[in-house]
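Structures incoming, each one as structure tokens.
What follows is a pair of complexes built around chain A, which joins chain B in one and chain C in the other.
Presenting the complex of A and B:
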């Protein structure tokens, strides 16, 4: 059972964070939080998302899970004002979720959660490098890199104290170096990996709203982006597997 | 069974050249399969995930596949298309691409044969506005978990381009050997059930199970086919034969049970909705619980119209009622396969005919029974005069053998200077035809391969060229200058004046003055003419010329 009220902004941010990677997922809820863990169809990108009960203006739930069709949830956006309060209701055993706001009442059929890909385990990997920068700057670099290439290097250069994003295209390339003064924090541990911009573009749009994004990075290892949503009452982690180029 | 084992088996089978070795390996594998895997295996090894009668289709074109491969490998679409054009075979190209994929993933899941089947089923039932996206998603899921070799055969299955040299014949022998049953019984059961998957399960139960197969309404069987021949040849036995008009129409099978009717085309696609007028006629005329075989012809002022007129109706999905008013469609019934809970295909033809006449009255094809050559010839000329294609000669004591092109039915028609050829490529046109294809590359079948034999540039209307241009877009495999090459799907009937020896085409023959006659939408590429047919015709004509 889930009965909760949430502002339109947080509702949208949460759904958008999921839809950057998946079209459907399993949403779990307990007395204290809702969470989801999902992987894209190619097992390349993963999202781990949680919202504490404090993110809601009203929250009441017993432990359960539902299968969400994310495109259908997004259909509710069009009629949703910025400051609307969104009422979500899922009685135990029902195969629908009721979304109510400003006189609108959407009754959305749920997916059979047995047909949705299993929740992935978060890979147990140690990533030595860690850097924190602003979400909007991160998104800007990803957007500009997308113009010249389909892949981008993320690197921490401890010698020059630089965090470097570098995209090499067929004829042009783009490099953005963040000096120690430009990053919010960095542990200056050596790290360098290559990633697909296709995946990063959708994640970047979501991360652009975050004041700060913490990036965990290794050498030819996955990357992890962590940031807050819902004014600190929610947490999102994106994990992306690297590209390994044969030389 | 793991799909990887299946893929490895396919790869081994492709390399075996001897028929006996192929059958031995196949039967050994079949023996080892579980009840669940056995039917899936037998269908997939023939490259057909679903029973032929079920009408289920995947509907995956090369473009969907490119999209999924690009996503999984982290390569650009252009790179994918480029690789494909260099490798030539889509399966081999995908294998190649997957082995060099630069995008890593968090984990992969081992694919089993039933995982693959579940995914294929998901693809086939997906419909509506988001169906293309959904299909791509399923293919992405499969390919991201697939090894390169698995990717090879997944691709071949998805594109319905699965060619590892296993046909019904080899599979039949392998099933028979695996379960120690008579191959003829396996063949018989497959004729009736039209699904090697189900037949394999029956074979596992034993010969009694194979013998007791029955026809069921709404489970269509393949049409019995005829060979080309001569009147004198058929009369050699000395027995009278049944002579019927050979109609220039579209073959169909009509099923009725509990007041529900369905009509199937020669390729066993359901055409009930496209032919409401014919269905109503037959529903009114026929008793319940029946399966009949016939040909529908288009008639205006009592004379048959060309075959395309009928096919246009078969194809139609919209404005069916309007189309039904414009032309009269007339069903002609010539066989009955099932009546009142009884399967009739094992009865002699003349008995089936009696039963058909009793229940179908007006719609039964006229018939002459004779052993007199000149009488039959006169009947043949009367058929031609009435606008029909020729006549069919049928042995009076013959069974109905679904899918078999045997000696029991013989077609007599004017010397055909046409071939059914597979469209494998096209060249962009010039001038007035600048935005459509101006000529098409046509190929004959040579066992599993397709060998170019001719190009055809004449005989098309502007509408046909525009339509072909649109419908072929999704089939484009690769481009090379002004040439494009297609995933083989369409069959053209092409007329010609002569078959010549030619160094210009791989098969060693070329057609003189080829012209497009019609699109044979009722034919599958497996029904196109073969190199053997072409060689036979070449030898025939040159023999005649030498004799004269």
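Presenting the complex of A and C:
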């Protein structure tokens, strides 16, 4: 059972964070939080999202899970005012979730959670490099890189104390180096990996709203982006597998 | 070389955009090598050569043009000719005569300092010999690209693979490929860019011809198209004097083919030629898998053995030898 009220902004941020990677997922809820962990169909990227009960203005739940069709949830945006309070209700055993706001009442059919891709295991990967920058700066670099290439290097250069994003296309390239003074924090551990901009573009839009995004990075290893939503009462992690040069 | 169907095919030639070219393409390799040998020459017609005087124009064309293909998302499959049919022997002898004559005229033009003439005759003197074929095969092997050995004509094998759906289209300059039934023929891909033709610089663009468009619009069958080609002349018969593609089309549509052959070329039996275009010797024994580029192998072959400049070869190798693969997260959990 889930009965909760949340602001339209947090509702949108949460759904957008999920829709950057998946079109459907299992949403789990307990007495203290709502969470989801899902990978995209190609197993290249993962999202781990959680919202504490404090993210909601009213929250009451017993342990359960539902299968969400993300596109259907996004359909509710069109009539949603910026400051609307969104009421979510899912009685035990029901195959619908009720979404109510400003006189509108959406009754959205849920997906059979057995038909949704199994939740992935929690990642236990150790990545040596860590850097924190603003979400909007990160998104800007991704957008710029997308003009010249379909892939981008993320690198920490400990010798020059620089965090470098570099994209090379057939004829042009673009490089953005963040000096020590431009990053919010960095452990200056050597790391360098290449990633697909296709994935990063959608993630970048979501991350652009975050004041700071912490990036964990290795050498030819996945990258992890961590940032807060819901004023610190929610946490999102994106994990993206690298592209690796194969001679 | 090929068949003279240009006059009835011009309206079906459409510029081939990059998105239409992405996919697997069977290259009529002898045709491509001949094109490279013809056009990749110095101003006086002398082909590119290594320190030992061996011709390398074909290797230059094959390497740099194929690298372009790969970067454009074209996955080439190289089809090599096998044994030509007996009925081609006259055409082969004619080509040899033209080549010998061109060689003499080329030498003469060079002596006279006539660069335009020299280049033109040099082009006609191009010869795809055993050295050209074996060195091309070696390079393709180092580049990890699939090679198919046709039992007979390369364009017949390429068209067969396209009809089966194993490749998306055939790259050749010759319209014969349409007679052999390729659904799509792409011309000019191996020679696109700025080229000198009859002494003038022209820009050549890839063009695409779709067989079904040709047949539907002209309201003929592929068998009819073959008959038109027989009237105008193919690699396997000289054709009927005075009949071009447009006249041939009219005659074939009017059902006059048999009568013309009887009257104008008594003793010529068109059946073996028809049969060769309809059911040429082909093979299903081929493997279209690509292998990783053997970077050291390509470098050593081109730069050490054939004196190519490392400064030209290395940047291209950088682009084609490093293919990033998207990993999945499973590799880490």
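Things worth noting here:
Throughout what follows, the second predicted complex is superposed on the first by the 246 of 247 C-alpha atoms of A that agree within 3 Å, B and C clash if a C-alpha of one lies under 4 Å from a C-alpha of the other, contacts with A are read in each partner's own complex, and residues count from 1 in each chain.
Note that in this section a residue touches a chain if its C-beta (ideal position, glycine included) is under 8 Å from a C-beta of that chain, and two chains touch if they have at least 3 such contacts.
Since the structure is predicted, the reported quantities are computational estimates derived from the model, not experimental observations.
In this overlay on chain A, chain B clashes with chain C.
Judged by the touch definition given at the top, the superposed model places A:159 against neither chain B nor chain C. When the two structures are aligned on the shared chain, A:92 is found in touch with neither chain B nor chain C.
By the document's definition of touching, of the two partners only chain B reaches A:23; chain C does not.
Of the two partner chains placed by superposition, chain B and chain C are both touched by A:42. By the document's definition of touching, neither partner reaches A:112: not chain B, not chain C. Of 74-82, 200-208, 290-298 or 326-334, the segment of chain B whose C-alpha atoms clash with chain C in the superposed model is 74-82. Across the superposed pair, chain B and chain C both touch chain A at residues 39, 42-44, 46, 120, 123, 151, 196, 222, 239, 241-246.
Interface residues of chain B, counted against chain A in their complex, comprise 71-72, 74, 76, 100, 102-108, 130, 137, 140-141, 143-145.
Per the touch definition, chain C reaches chain A in the complex via residues 71, 292-293, 295, 321-333. Listed in rising order, the residues of chain A touching chain C in the complex are 39, 42-46, 120-121, 123-125, 151, 170, 194, 196, 221-222, 239, 241-247.
Here chain A touches chain B in the complex through residues 23, 39, 41-44, 46, 71, 117, 120, 123, 150-151, 196, 198, 222, 239, 241-246, going by the rule given at the top.
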